[in-house]
Amino acid sequence: MHADSTTTRKAAALAAFADLDREPGVAKPDPILVVDNVVRRFGGLTAVDVAHLEIQRGSITALIGPNGAGKTTFFNQLTGFDSADEGSWAFNGKQLKGVPAHRVARTGMVRTFQLTKALSKLTVMENMRLGAQNQRGENFFRALVPGSWRRQEDEITERAEELLERFKLNTKRDDFAGSLSGGQRKLLEMARALMVGPELVMLDEPMAGVNPALTQSLLAHVKDLREEGMTVLFVEHDMDMVRDISDWVVVMAQGAVIAEGPPDTIMSDQRVVDAYLGAHHDAPMSAEEFEEQLQEAEAELEAEIEEKA
Amino acid sequence: MNGVKISVVAEDGKPVDDATSGADGKWEVPVPKAGKYKVTLDTSTLPAGVALKFQNRSTLDVQVYDGSVRNVLFALVPAGAKGGAAPADDGGTSFWDRVAQLTFEGFNLGLIIALAAMGLSLVFGTTGLTNFAHGELLTFGAMCAYFFNVVVGVHLVWAALISVVIGGIFGYGQDRFFWGRLRRRGSSLVAMMIISIGLALFLRYVFLFFFGGEGAPYADYNAQPGIQVGPISAAPKNFVAMGIELLVLVIVGLALLKTRIGKAARAVADNPALAASSGINVDRVIRIIWTVGGAIASLAGIMLGLSQNVSYQMGFQILLLVFAGVTLGGLGTAFGALVGSIVVGLFIQLSTVVVPTELKTVGALLVLILVMLFRPQGILGRRERIG
Amino acid sequence: MDWNAILITTVKASIGLETVVYALAAIGVNIQFGYAGLLNFGQAAFLGVAAYGMAVTVATFHLPFWLGIAIGLAATVVLAFLLGIPTLRLRADYLAIVTIAAAEIVRLVFRSVKFSSVFGGSDGRQNFSGDFFAMNPYSPGTYGIGPISFNERVTWILTVGWVLIAICCGLVYLLMKSPWGRVLKAIREDEDAVRSLGKNVFSYKMQALVLGGLVGCLGGFLFALGQASVQPDLFSTEFTFYAYTIVILGGAARVFSPVVGAAIFWVLLVFVGNTLSEAVSAGMLPSLFTVNNIGAVRFMLVGLGLMLLLIFRPQGIFGDKREIALDAR
Amino acid sequence: ACGGGEDSAAPSASAPAPAASSAPAAAQGDGVLTIGTLLPQTGSLAFLGPPEFAGVKLAVKEINDAGGVLGKPVTEIDTDSGDTSTNIASQSVDKLLQQKADVVVGAASSSVSLSVIDKITGAGVVQISPANTSDQFTTYDDKGLYFRTAPPDVLQGRVLGDLILADGNDTVGILALQDAYGTGLADNVQKAVEGGGGEVVEKVIYDPKAADYSADVAKIKEKNPKAVALIGFDETKKIVPELVKQGLTAKKVKYYFVDGNLSNYGTGKDGFPKGTLDGAKGTQPGAQVSDDFKEKLKSVDPKLKDFNYGPESYDATIVTALAALAAKSDVGKDIAAKLKDVSSGGEKCKDFKSCADMLAAGKDIDYDGASGPIEFNDAGDPAEATIGVYEYGADNNNKNVAFNTGKIAG
Amino acid sequence: MLRADELYAGYIPGVNILNGTDLYVKKGELIGIIGPNGAGKSTLLKTLFGLVPVRSGSVTLDGEDITNLKAHALVSRGVGYVPQTNNVFPSLTIEENLEMGAFQVPGRFKERFEFVCEIFPALRERRKQRAGSLSGGERQMVAMGRALMTEPSVLLLDEPSAGLSPKLQDLVFIQAQQINKAGVTVIMVEQNARRCLQICHRGYVLDQGRNAYMASGRDLINDPKVIQLYLGTLARA
């Protein structure tokens, strides 16, 4: 399958990671994004407190961590949707602190949202077209002369069609985005972000709610992105997926980066297991195993209840 | 003032006549024709201990018109208190007294606005409807009370009670037979907003039809003489009204925060489908809110009528301030309406210290815009989370 | 009952000055609200500053007419920036109230005695339309088909008005089919998503506000010129309400809806009013209705009519029912 | 649907248009004198509508009882002037012109009149307002077609200012409505007071749509005047209680009213408490409205309570009908040309029938109406007016104490 | 116990999302529904729960016809529902959100609140935080907790594990099964299909508004067609 064709870049990425330390904040050979001391507090709660983090260019990096660890908030800081209390970060060497969200996107760093933001009353196709950059027709005066943007529009449409096909949304092409199902919205959101043609794409739980079979084919697509030279940073709770495509995994907990490393190493890291994966993450379980586990849990619960009583 | 000499000279410098004031201080000079004349009071003839109030005006240019008598007045004061504008002697107030009075008036007006705003905010909060017909709910309440008070002849207190109940029923009915139906048909909020503009128009002119264009006061407590409390003079009815308003506002605010139905109302506001899934009877909650909203609006109308007058445009005229209050406080917050409205009330009144009173609304509205500049979510509002 | 007169006045109303003015104002609202989702409830102020800008230049300062037009346009743009900078960051419903407030401020300042030497207080300004009518190509007389005819002044202003409407409709049509319009529509749906795609949301909103304001401002000029007088109260919040009603009547985010909506609105108003007053003077109504309250009945009926139209056709004349289904709560 | 206007604009060769004032066919004489009313049924002056409509109705009735004009009964078409916030007036005028009105009686509000004056006079129709008092109209280029039966503010302001001084008030506070009427009158009062040696210590202009008036009153109170002139309309009912509340009772300061608010407030259910206005004074243009005339107005509209501008409306109608008789034409221009004639210089007459008879006998007449002497000057304003001075008793109703007739010019 | 026959339903007039779906659940059963995105799984749940109008067909609960009954009326008959999106009240605090869950049985709030906090301790710490500021996963916990506040006899879960950390996902499945053990009938839509099918008694595969397959969970997991079309081979078999 796809896996074979992706070897070159993957190999490169893996090689880059090969002899790095497995510790939080480790320096990467060719970082596209460098983050220093980013802090965001909500009242008494420190949602994000990342001391140092680098993202390797051309790699697929997974960001995992328990719920409420601050992953989404971290994304918000980096992409200019929320202002950080402290810290600085540079994308391709360019300082981005205080830069408004749309500029961040234009520099080539595009994110998707965990809670999808489909543009309901635009059709799926229009949603896609919107993603394209440097559109001539988006200038007020040129918009008045259709001839000036028609050609470009056709090219954009073509690119959009391809992506839609990939994301199995081609049948919904002319429907309002508002009428898509939850999973379809996720897909649209991701496809739309790719229309921007970013250097670094930041996906916030792209596969939550997406059908497994489709997830699988999308993974291939994400790997292709790497082949095209794109860097991917994604948040995900689906360990199968993380294991399958990521070259490097960053773990956050309570706002801070607690571990970094290749997927296999990370998943056996005891701290990560405790904080995040839980004892039984290694799917699949047989029915018997499950029964066992259930009884265990039940016993635990009962014990606790007794304790209380 | 007796024996003061006055001389009148025509425009061209020809003296016309002189006169000496009589025992009552009056004098009279017949002039030949219309035109300009100079009238001079000879200050040296003034009795001792008396001086001109406006010293530099012992000579006046007077225009006399055809066929009419022209009065000229030389204001006199006991010598010693000479010159300048009138000092704050009997009953005049100092600047700070006025500020105190204005602050009081600010709360007075602010609380009425707050009461109206609470009703609006309740309905907006639960249904998302920007109800431009809310002003007419106020007018409705005020007119009901007017009917019972003036036409039927019940004392205002009872008339108000009855009207609050009727206002509640009116609110209930509106939802039951109108807004509720529209909601079920799936009308969009914008469409409903425009429908509310139509409804406002309709109701306002129904009121005009039956009530007429003139304002009218209630039969009780009208032009109640003020009492002096410190620097503030206020009618007793103001204090009672403010007390009632504050009480109702706090009760409703707390009810919204603490009671089960209040929380349910906020839940419906957030997400009606989910509220239904939680076992909340959404229609019932909305109906209760409309009932309470209608009753509060009615009360607000009565209070407004009490402090102003009942007229068919009363609600409409105050609506903008009500909206400003709700917005300033933060849409959909329980006490935002209260805080925002009081700020609006205070600024309307206090801004008159610096701007002409005809522009007092401008003062309050500017504050609204400025606050929005720094707190786009309103004073008590919270920012939405992104992502 | 003089049905003939009722019908003629009604037909004339459908293309008359008020329809033109409200249509232009509504086209502006449609750009701002219908396409960009900006609940700008201060549209009246745009017409106001334009009309006053022109009138004051000509009548108070005795400067040339075209300079007046230029100043009116400039004033509109300035107002759009002043209004936009603090408010465009606000959520839709906040925006609505703040823009109402801003428009009221403008009106109250125009109205105030303090500035009456410039703006003329509540009487406003007159004597500025001479140059405009001097350009009138129609020689004195009446123009039109049969009884539906106007004198040369009205014909002139209507000609200019409908040409402007045609131009504006064309402009909106071109714009909204373009990627520019697409960004606007996307902003209406979700700003953050648009931001994440690298579009400068604030700039687009501002463009929409300015454009909508400028279209509305043409209405302001025509209003002032057509009446040969400006008054502050013409530009009160009710005006904006009616402009919104017109947009929704026609169907939001449709090119021709403001024009059709405006015609319907004025036809309704005039037809109802004239029919009622004829009926009263012909003694056809119960004695409860008199000249004194028939005006009230007219607005009652208009209010009722608007309600019914929207209740039974919530998406407006040209609207798409499917869109409505999407945002029902 | 865009651009219907211009394609239908083919000239439909009409009557040879007169060069100077191009009067379209609508206003050309059809032998029936058609009087259109443009008076407030809705809007902020709606409360002034009933007496005005009644005045016109009464006049039309009397004219028609006396045989009408040019041998045909006069027709009346009523329309709503609204206020300036809705653009009703303009539509109403369209309708009136469409129905061939020769005379438009209205509007009540100066601002509304200004917004339609071009339209009306441009069509060669006479506009005659019973209530416009703004100075603007005196100089307005109205092609000689605008008239009014209410005197401009100058005279009343003069009389009121004089009255205030005569009562020995050297310091005066003015609370005036923010419109042409209020500010105009306030200026005139101020001029009179200051010209006569008094001082206006505070002039507060209030917004009629304001939520309340406490700040306005507080501002007056700070300056502690001896007299307060209240210049406005219906808002006075809200301002007086505010004055009382803040301690400026009629006992402490002297209230002065003007025609806009000189009503009988009474002590009844919706009146003020007894004595609230005791000793207050006011002025009103117009001769005393006889009870007889009030009764007549009531016969037209039994619900009338106040009669403001009723007589003026009545006179406006009668005098135009007389002018039409004198001109033997119902064309606006002809009527306008005769209006000055029939109102001044000649044998006095006081009602339509007798005036009409005298005209028929070829005499020069001088109509004196229910509201005063009615005499137009060249600008279409009354040249002479009577201002009545009224005083309130403890019952909050006013009684006439004096009349003051004078020429306006000078 | 709950059955739907020949259901046709949809949002936009004229377009049916459900095209004759049949479903039955016996008392005490745990049913899993899987299918591709946009198949109509959520729509099916919403239709059962009366949030989407039924165009034809019928829904019965315990033999009683509940077609098109209002949602709150179903809640009082012991049906609980966790929506897929928009499943919390953003302006209410966590505690109030849960209180709304127990709206019809306010007396038992304390007790149930304790119970829910046992499962998701994170919620107890944050009880005063507004749900609108919560992270995606935290919201999911609140949503699940809200449904557990009442003790429903039928529970409809729409992707309850989406957005949760692996640890909590496990917990959710365990809970679902445990609740089911306690006698509650559970219908669960999941994209985490393997887990879902592992624990459920029977599974439905929905495609384009029609049931494509229906079999026991274990059979479905191993059905090569189902694997190819819906499950994928990503997770190690």
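Lettered A, B, C, D and E in written order, each chain numbered from 1.
Here is the rule we use: a residue touches a chain if its C-beta (ideal position, glycine included) is under 8 Å from a C-beta of that chain, and two chains touch if they have at least 3 such contacts.
Note that the coordinates shown come from a computational prediction; the quantities given were computed from them, not determined experimentally.
Student: So, comparing each chain's Cα centre against the centre of all protein Cα atoms, which one is closest?
Tutor: It is chain C that sits nearest the middle.
Student: Considering only mean CA positions as chain centres, point out the chain farthest from chain A.
Tutor: Computed centres place D farthest from chain A.
Student: Tell me which chain's centre, taken as the mean of its C-alpha atoms, is farthest from chain E.
Tutor: Result for max centroid distance from chain E is chain D.
Student: If you tally the C-beta contacts, which comes out ahead, A-E or C-D?
Tutor: C-D
Student: CA centre of chain C versus CA centre of chain D: separation in Å?
Tutor: 32
Student: In angstrom, rounded to a whole number, how far apart do the mean CA points of chain C and chain E lie?
Tutor: 50
Student: Can you give the whole-Å distance between the Cα centres of chain A and chain D?
Tutor: Between these chains, centre-to-centre, one finds 75 Å.
Student: Quick check: how many Å separate the C-alpha centres of chain A and chain C?
Tutor: Spacing between the chain centres: roughly 47 Å.
Student: Identify all positions of chain D at which a residue touches two or more other chains, and write them in rising order.
Tutor: Correct list: 40, 42, 46, 49-50, 178, 205, 207.
Student: Can you tell me which residues of chain B touch two or more of the remaining chains?
Tutor: 205, 208, 356, 358-359, 361, 384, 386-387
Student: Mind pulling the residue numbers of chain E that touch at least two other chains?
Tutor: Correct list: 11-12, 133.
Student: Would you tell me which residues of chain E are touching chain B in their complex?
Tutor: These residues of chain E touch chain B: 49, 51, 70-72, 75-76, 81, 83, 86-92, 96-97, 99-101, 103-104, 106, 130, 132-133, 146, 150.
Student: If we count contacts the way the header does, which residues on chain B are in touch with chain C in the complex?
Tutor: Going through chain B, the ones touching chain C are 127-128, 130, 132, 182-183, 185-191, 194-195, 197-206, 208-209, 272, 320, 323-324, 326-327, 331, 356, 358-359, 361-362, 365-366, 368-370, 372-373, 376-378, 384, 386-387.
Student: Inside the complex, what are the residues of chain E that reach chain A?
Tutor: On the chain E side, the touching residues are 11-12, 35-40, 42-43, 84-85, 118, 122, 133-138, 140-141, 159, 162-171, 174, 177-178, 191-195, 198-199, 218, 228-237.
Student: Mind pulling up the chain B residues that touch chain D in the complex?
Tutor: 34, 53-54, 57, 60-63, 65-75, 85-86, 88-95, 97-98, 101-102, 105, 108-109, 113, 150, 153, 205, 208, 212-219, 222-226, 228, 233-235, 238, 307-309, 311, 313, 317-318, 321, 348-349, 352, 356-361
Student: Okay, in this complex, where on chain A does chain E touch?
Tutor: Touching chain E: residues 42, 64-73, 114-116, 168, 172, 179-184, 186-187, 205, 208-216, 219, 237-241, 244, 276-278, 280-281, 283-285, 287, 290, 293-294, 297-298, 301, 304 of chain A.
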